[in-house]
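Dropping a structure here in structure tokens format, bear with me for questions.
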């Protein structure tokens, strides 16, 4: 007999089902007997009972399954067989878990000889605590169920209660986003603070020399400007020069000119572009686009053109995010009321005048949202940059030169030959924090813009 | 942490250079003992030590793969976190090869050429060389362009130390500087120029090789084993007149050779099933004529190999005081 | 005519010229649009074409016919134990590898054992386990060629190897076939036995975990925000964080996962569980945004109708709004999941960039995922992995395409028009 | 207020001093009105005068508008419908509503009508539900047209049929009052005539309130008419009186087409 | 057809035997009508009878509905507007349109009005455009209300102002005919009164066609009235005749509120 949480969960689920049936039957019976109309339908009474039966017991189960192993181990340690265990933590732990594994039937035999004598102790203790836990859980389930059961009356508002719980779930779900945000901030903050103790924030934000491992003196190697510039050059300038016109024109064509069936098929097909793994794009950029661009640059008379170029990475990235721009623009152009279009056409405007001067300005909030998402995706992209734009931090406006981006550096710093508390590793977290704050600000601005325009509309 | 249940598989982390050897050994080990295949994580040497030194227990790795020796600082952190006994085994030697495309101009370089072409401040003055000819009139007049590993990798450090550093020290003034002002010496001797001269790549040697294929006048820096596997696409560039061949690396006549290690957490031996057998398998594979040779691992000199074998057998812990 | 100005002369040449120009602009504009669509389509087609062109070969392998005569070289094992769990080991320890190598040398000439894969003997081993009778006689096995031979056979190499291969071909000892181990095995160091199934299963498990967490949470959050939440500062905060999370670079989720799931909760490293949790956090915001749009497009009249017959707000949502919004929600979800499927960066940080030689058994066993496998193989020394990498990319693309196709199907099937 | 001439013995609903605000803006000012049990009451008045607003406060549909606030007292059978103890969901089951634009659920005809009874548990078994659905469709005058295609989608019906389906849906939960907000404005004359006929038939079984823009329609279907203007109730009385002999100048102006 | 009693000497627009189909469905059946230069013509009839459809075929706005097909002949100044040689863009500039719901562009008031003249090149310089915009706004009776805030968004105006802005926008391109589709149905009585006044003032400068649901409005603003029913033109004549002495039974029934 061991404490098997999954089986017990099934057990109380079964009890809850019984509770559901009982609650339902009782409410129906009460209604029939007293001749009054039930406030809530019998199902809801059933759910009410089932929830009371299930929730406290399940909560207990969760708690118990996290504390009972410690209790079991304590009891085992108190036995005589355990006195000869080594004092050293890990070895001890390993022996105990080996014994536990056998006692619980998860493994056929002990791997460590020292564990053998403990198997029985584990089995005994496990059984004891399993029974205690099961008894407590059942008691709790019954108590909850009975409490709910006795509250059933024709005018009892079971539905309202049950719905309150549903609402609670919805609220909790939406809080996950906040929790994640907090989690990100926290997981970045501490390391960032440690970094900023070593390197001043001003240095990171405004310094112009990024060389985390050059032999140069420590203080002037963490200037983030070249990274920020590289990020902007690749993600916000070159990629957007590719993605915005193509994406917008695609959206315009599909919404305004193409037949509905064409749109229905072409739109999702283009969305595949966004799903192709970035490693694939990386190879494509590094081995196909970059050499072609270099030859082109040499032809133009830029002899020093690098094989790694911001242009190669940016163009391929632009292709990757075309669907972000086109899908969002498509949706928002479609959402512009037909009356706007009619209004313009009725004045004698041609379709392209209507699109450029009325529809696109009116769809701007949505289009901006799409572009923002696309920019963020471009900024966050690493593989393409690592493979095609190199990792050298350069301050250059020459698109044929090699530059690097913030995220590429984060990956490099975290996966390379790092030392734990060196400023080098910590810099990754500080960069992450900066990036996070920037996207947050962008989003706040975007929300403002969208709100302002949306209000003007309706 | 010192908790975590015992795993039933071996976990190794660290150097991407050691990774292909470790994976081969892992496979053989699983095959021979019936244990699960070890999980080998390619994080880079430093990243490997960071996780290795986080503590003992099932949630920390058993082995750190390294393409350089553990540093004193890393060793101390380990000790601080309760990882007291570490077994060091040098599994062999790796060569850092310089290569070019087979249709390339056929470079023949000296350490000094490399230094003058790639150092940020050769001998303390800003580097103005644009073509190899600027560095040495005997070299072809093609733009300096070298693809190499990222500044955070062990290979990069080794390249700086082994080739650049020596090229620098060929100058007596610099050698003197080493004793008078260590920091300055390091800055002058090992700081690399950026793109388009030294172009950092991700940790992907195949990509470097593919890029050489497309850029026949560029040079690349990668592990010896890749040279071997891509003979049709690339050829080795001799340094100081020595080509990176098996023999030249093994006997140390090729300048770009460095030792490879694995570090074993002694506390896990006997707890994680098969750990000792895995180490034995590693030693067997790395031995003279072992299957790792075929993969490009170069056997250590006899004395070192014997120490390694002894360490592996007796699980002798490393004495931290010998580290730098 | 009671006009203040002369009426516009629409027929005049000035106006006619102008109109001609406007129409020309209109045609140009439309052409640009078509061009943009075709250009994006061409990019896609080119990518797919290149990928398929490179990768198709990765699904086939070259095999060499090698006769092994067990009568001449007996394998001394206890055939009664072939059914045991450790039969594999027993055969390995009995030296089957050497026997096969010897047989190859004999059959293919000196250095013949180098022409077959170093793991070729494992094929013989499984054959023996399937049929112990083989041990008594001489059998011709079709064994996988070494990767040099494989490449040479596929590419037509020159030099000594080329000659050898040509000769083998002429002798009819060389053949090609579908490389089944590729679909059955996990990662290995030898391309002849390396397979995609381990990573594919890892991806499936990871995506599954991500889905069962992100989907309900995302949909419920979207319902809350769209249907119930009062529009105030708090909901603005939630809205901003969700939009922001959708835009946060994926690597940052890796940092979070490392800190929370691994260092704090100690969830099994490099497992589909931890990878799935990480990707769930990453995809949830995408699902929320898609769901909110879908929910928004359910006409308010439906809600009024349901409220009007006395449905409670919860009933309105679960009986009407959710079913009607479902196609939109599902398409958004699938697209989010497709992105998660191709994601590498955050998984680098939770230990999934690893050599995993066994097919993952469950959600807590070590595992890798398709894009990571592609990434790892792309850096393998052995040239045989080049085409395996491309083949793995094709597998990933197929999974991706089927997810997209499913999304299109859902959208077209359930789309409601009002 | 000119209600003195009007006494409804046992009003089904009673509004007293009702104000409705949308945020700052007051859309209904101090309106008091009684809705008789067996009568059809028509609300008329120019666009934006607050007819819909007032109608929606009778079954608390205004609750769904975040900015809306209702003060004053509205009773259903003497019970304050804005009291905290009042259960909105039950209230809406008792006071049904039909909207301006037909809004059937995108479900089968059967499910459209069956939805209300099902969620309120009015028909425990499938057989019961069949009976309830049929009765509602018969009452709504739609049974003959749809009895062979109950499984078809409600949205596949014509506009007029859809609106009758919505009425059937409202009837099916057995309400006491039916509120209709311009139920014919989206319909063609023939469909309109059918709905008006239906209202005639339903009268007496339910208390009916109908908002209309169309004075002729008000005259045809109602027994009581309330004329709203700029949020106030200008005049309320017997329909015949209002149309033939309005007491207020504004009512007269409106009815004779001087504005609106 | 009862057009014999009606002669318009020099019709601005002339429709002859017009049919309009939406796919299979015929929405307009054989309608012939003349629109006089200095007159306001009202189209009345129950909902769905085809008023809007016919109106939209007068400036080919129906072209934007993929399924719509127009046959028969419609002339503007004697020229067939459906002839291939007819330029739709210019046609729409000459035959302006105002919609049921005010639909200003989300741009400044100035740009709303200036949009048409700009695309048609009617005002080469900024100064010219200023003049054109001012003149249009003056004519639409909006100048005094907005002259100080021309840079504000057109959507920030009240409903009635928005509708006048839309009229100004239509006037600004100097059209010859203005079509209005229920221009007041979304407005309150005061705004409605302003628009009606405006129509009075514009009459004589432009040929005006107005669709309305409201017979009183038709009576107030128009000189000619056409009554449509189920896609056919039932009766067309002087407004006073139609309202006081309709020739057709159906017209009479409709006007007296027997249906609709």
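A few comments on the model shown:
Order as written gives the chain letters A, B, C, D and E; numbering starts at 1 within each chain.
Everything below uses one rule, namely that a contact is a pair of C-beta atoms (placed from the backbone, for glycine too) under 8 Å apart; a residue touches a chain by one contact, two chains touch by 3 or more.
The chain list, named the UniProt way, goes like this: A = Phosphate transport system permease protein; C = Phosphate transport system permease protein PstA; D, E = Phosphate ABC transporter ATP-binding protein.
Everything numeric in this text was worked out from a predicted model, so none of it was measured.
Under the touch definition stated at the top, chain B and chain C share these contacting partners: A. Counting C-beta pairs in contact, the chain pair with the highest total is A-C. Distance from each chain's C-alpha mean to the overall C-alpha mean is smallest for A.
The chain with its CA mean position farthest from that of chain D is B. Spacing of chain A relative to chain B, judged by their CA centroids, is 36 angstrom.
Computed centre separation for the pair chain A/chain C is 19 angstrom, with centres defined by C-alpha atoms.
Note on chain placement: the centre of chain A and the centre of chain D lie 48 Å apart, centres being C-alpha means.
Distance between chain B and chain D, defined via averaged C-alpha coordinates, is recorded as 83 Å. Counting only residues that touch two or more partner chains, chain D has 89-90, 119-120. Listed for chain A are residues 159, 283, 350, 353, 414-415, each touching two or more other chains. In chain C, the residues touching two or more other chains are 22-23, 312, 353, 378. Taken pair by pair, the chains that touch are A-B, A-C, A-D, A-E, B-C, C-D, C-E, D-E.
Those residues of chain E lying in contact with chain A across their complex are 59, 61, 64, 89-94, 96-97, 99, 101, 103-107, 115-116, 119-120, 153, 155-156, 166, 169-170, 173.
Contacts from chain A toward chain B in the complex involve residues 88-91, 93-95, 97-98, 107, 111-112, 211-217, 283, 286-287, 290-291, 294, 303-308, 386-387, 390-394, 401-402, 404, 412-421, 424-425.
Touching chain D in their complex are the following residues of chain C: 230-231, 299, 301-312, 315, 319-320, 324, 416.
Listing the residues of chain C that touch chain B in their complex gives 85-86, 88-89, 92-93, 118, 186-189, 262, 266, 269-270, 351, 353-358, 366, 376, 378-383, 386. Every residue of chain C that touches chain E in the complex is listed here, in rising order: 2-5, 7-8, 10, 14-15, 18-19, 22-23.
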